[in-house]
Amino acid sequence: MADPLEKRKEVKKKIRKLEGLPTLPPVVRKLNALIEDERSSLCQIAELIEKDQVITTKVLRLANSAFYGFPRKVATVQQAMMLLGINVLKILIITSSIFEIISKEDVKLWEHSIGVAACAKIIAEMKEISDPQEIATAGLLHDLGKIIQLIAFREDYEEVRRRIQGGVPLLKAELEVFGIDHAEMGAFLMYQWNLPDRLIEMVNSHHDLSRAKKFKKECALLHYADLFVQARGYGETTYHRLPPLDQRALSILKLTPSEIKEIFLKLEPRLYELKFFTEELKKELD
Amino acid sequence: MQRLPLSYIRPGMKTFEEVVDAQGRVLCGKGVEISETMLQKFHELGVSYITVEGAPVKLPWEKTLEEELELLEKRFSNVDDEFLLNVKEIIKEVLTMKYSTGAKNG
Amino acid sequence: MSNKEKQEIFLFLPRRKPYTEWVKILKEDFKVKRFYKPKDLLSSILFSPPQAIIYHFQLERRAFETLLQLKKNFNLVSLAIILVLDEKGLEELSDEQILQLLDDILFTTSTPLEIKLRLKICLYRLTRISDNNPLTGLPGNVSIMLAMTKALESEEPLAVGYVDLDNFKIYNDLYGFSAGDEVIKNLARILQTTIFEKTANAFLGHIGGDDFVFIVPLSMAEEICKDVIQKFNILLPAFLDEEDLKRGYFIAKDRQGVLREIPLLSVSIALVPVVKGKFKHVGEVSERAAQVKSVVKKLPGSNYFIDRRA
């Protein structure tokens, strides 16, 4: 077995060299169709992009790049689109790669991320945390690390899955195989691509709140959102086991039982609506 | 009643609630039968979802309350944390509420 | 020269001779990257653009058009696009729009040394002729004068818009010049995308600092102003810190040295309609604009105002 520390360095090196990430073919198709349709508004296009973590990352990466002065501040798709405009967006979509081989299981990754985005926004609005849309974006991107594993480390990814099936908890399996967990991997890529600090910290610490420094409340929020969506059973749940609760969340961001109930009451209709989208994706992959 | 995306709506379905556009403007009242022309209009004005009477569409992914609760128990089978167990109870409550109102819109 | 100092060149050429010979000689003085798939080429340009691209005209026409569009869209004046052609290609190269965006053409029959020298000359030339604003890449004063002089002769009614930011100096003082530069760059992008998505028949220039000038058909002018203002307002929170945003104003010393509440950054646009015969020379337009500007700047928040006098 390779030394985890060595493997960790190797993984980071590979992530640094990553040119781009692929996404689901139906997403690119739909986006293309929407952009070509003259009746589409920028708002509709943004709404669709906000359902895909890969295109969102791409859009944010460009908006935060050298062309725009490396602001590291553009944190939502809507803001990014104000800068990019439709022509650049078209080029971004043309240069998007798609997964050659993807299974319905993998679509659950997308499903889960959209669910967490919705839940995170609901909690942010309820607890009056600033910029709920930015929090939603973090929710969307929180498992980016898993996509990186899927495309750049397929064999290792399969090995992790095997260990999980054997009873090893997800994070432990990832550390054994990669020397680094998916939260850190995703955050590292976002850092390479100049995404804003707040987003990076949230993604980095969504399983481990000791990594939360400047944005503790937001990180605890995302942690809850991830848990709640998994508890509700929407999208991927890593072989039907819930990740552990990081107890620190309870002291950083208190949620009363009635607040939690309200969250789920608000979440349910949102998940219901989003289900139509993800089921359509699965159908188109057949 | 059933809440459906625009692409699932067919002429002949009756509205259960008012139809609003993306800006929140009311386009049509409740209890109105939807026509082809209305559908076109809704499409142009960016309407996303409409709640209709009855449950005209069978959604293959929908589960019964029993199925949901069973899966819920399964997901929590290895959990002993107090906070999380509370969350489970809350989800149970919310699900039971959802199914008891006969609401097919979440 | 170490690899870090070398300028980067992208090549989109067939995988055969004589191009393989070109690569060898170019590698002596440049960092060379070869591409064979249009997607990869475009993606790399978007996220890590080179100094120059040498593109074979006979390959992938659509990707080439997209490449030109990119250059136009981002005002990449300093991205040299060099086309490689043969006799047949020469005859096909008739589109003026392509010619406007090209920096040079090379022939398949050129020697490797010729390729290298022409490339170097091209890059030097580009740095030399910079009328363009170094921060935004937009045309500077020379081009602006030319465009405005032309506009005075227009049969079609046009509008000249003068854009600047209110309380920009305070923002610079509080947040630093780098932050100020970012705001300007982003304002330039907003102006660029808004104007040119509506019409190709327009001009956008950067006078300097936070001052911009645009010329558009009169019928679109107000809509453009509204769009720009809306987009700016959506983007603005990304450039302010939480306290200022929450407060809704800056706290800073005014010219007298007294601590005051100063309104946040906003955009001001003065519109002056222009048509053949209305003004005799560019100075008159600027004068009108100055008067309109003083009115707009008094209005709180982002605003535009159109001069309705004859």
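Going by the order they are written in, the chains are A, B and C; count residues from 1 in each one.
Basically, a contact is a pair of C-beta atoms (placed from the backbone, for glycine too) under 8 Å apart; a residue touches a chain by one contact, two chains touch by 3 or more.
Keep in mind that this is a model prediction, so the values were computed, not measured.
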{"item": "Graph class of chain-chain contacts, one of line, ring, star, complete, other", "value": "line"}
{"item": "By mean Cα position, the chain sitting nearest the middle", "value": "A"}
{"item": "Taking each chain's C-alpha mean as its centre, the one farthest from chain A", "value": "C"}
{"item": "Centroid spacing, where centroids are CA-atom means, of chain A and chain C in whole angstrom", "value": "33"}
{"item": "Intercentroid distance (Cα basis), chain C paired with chain B, Å", "value": "47"}
{"item": "Geometric centre distance via CA averages, chain B-chain A, whole Å", "value": "25"}
{"item": "Footprint of chain B on chain A - complex, ascending", "value": "39, 41, 43-44, 227-228, 230-233, 237, 240-242, 244-245, 250, 257, 260-261, 264-265, 268-273, 275-276, 279"}
{"item": "Interface residues, chain C side, partner chain A - complex", "value": "39-40, 42-44, 46-49, 66, 69-70, 73-74, 181-182, 185-186, 189-190, 192-194, 196-197, 231, 234-235, 237-239, 242"}
{"item": "Complex contacts: residues of chain B adjacent to chain A", "value": "3-5, 8, 22, 44, 46, 48-49, 60-61, 68, 71-72, 74-76, 78-79, 81, 83-84, 86-88, 90-91, 93-94, 97-98, 105-106"}
{"item": "Residues of chain A that touch chain C when the two form their complex", "value": "19-20, 61-62, 65-71, 73-75, 78-79, 82-88, 91-92, 94-95, 97, 130-131"}
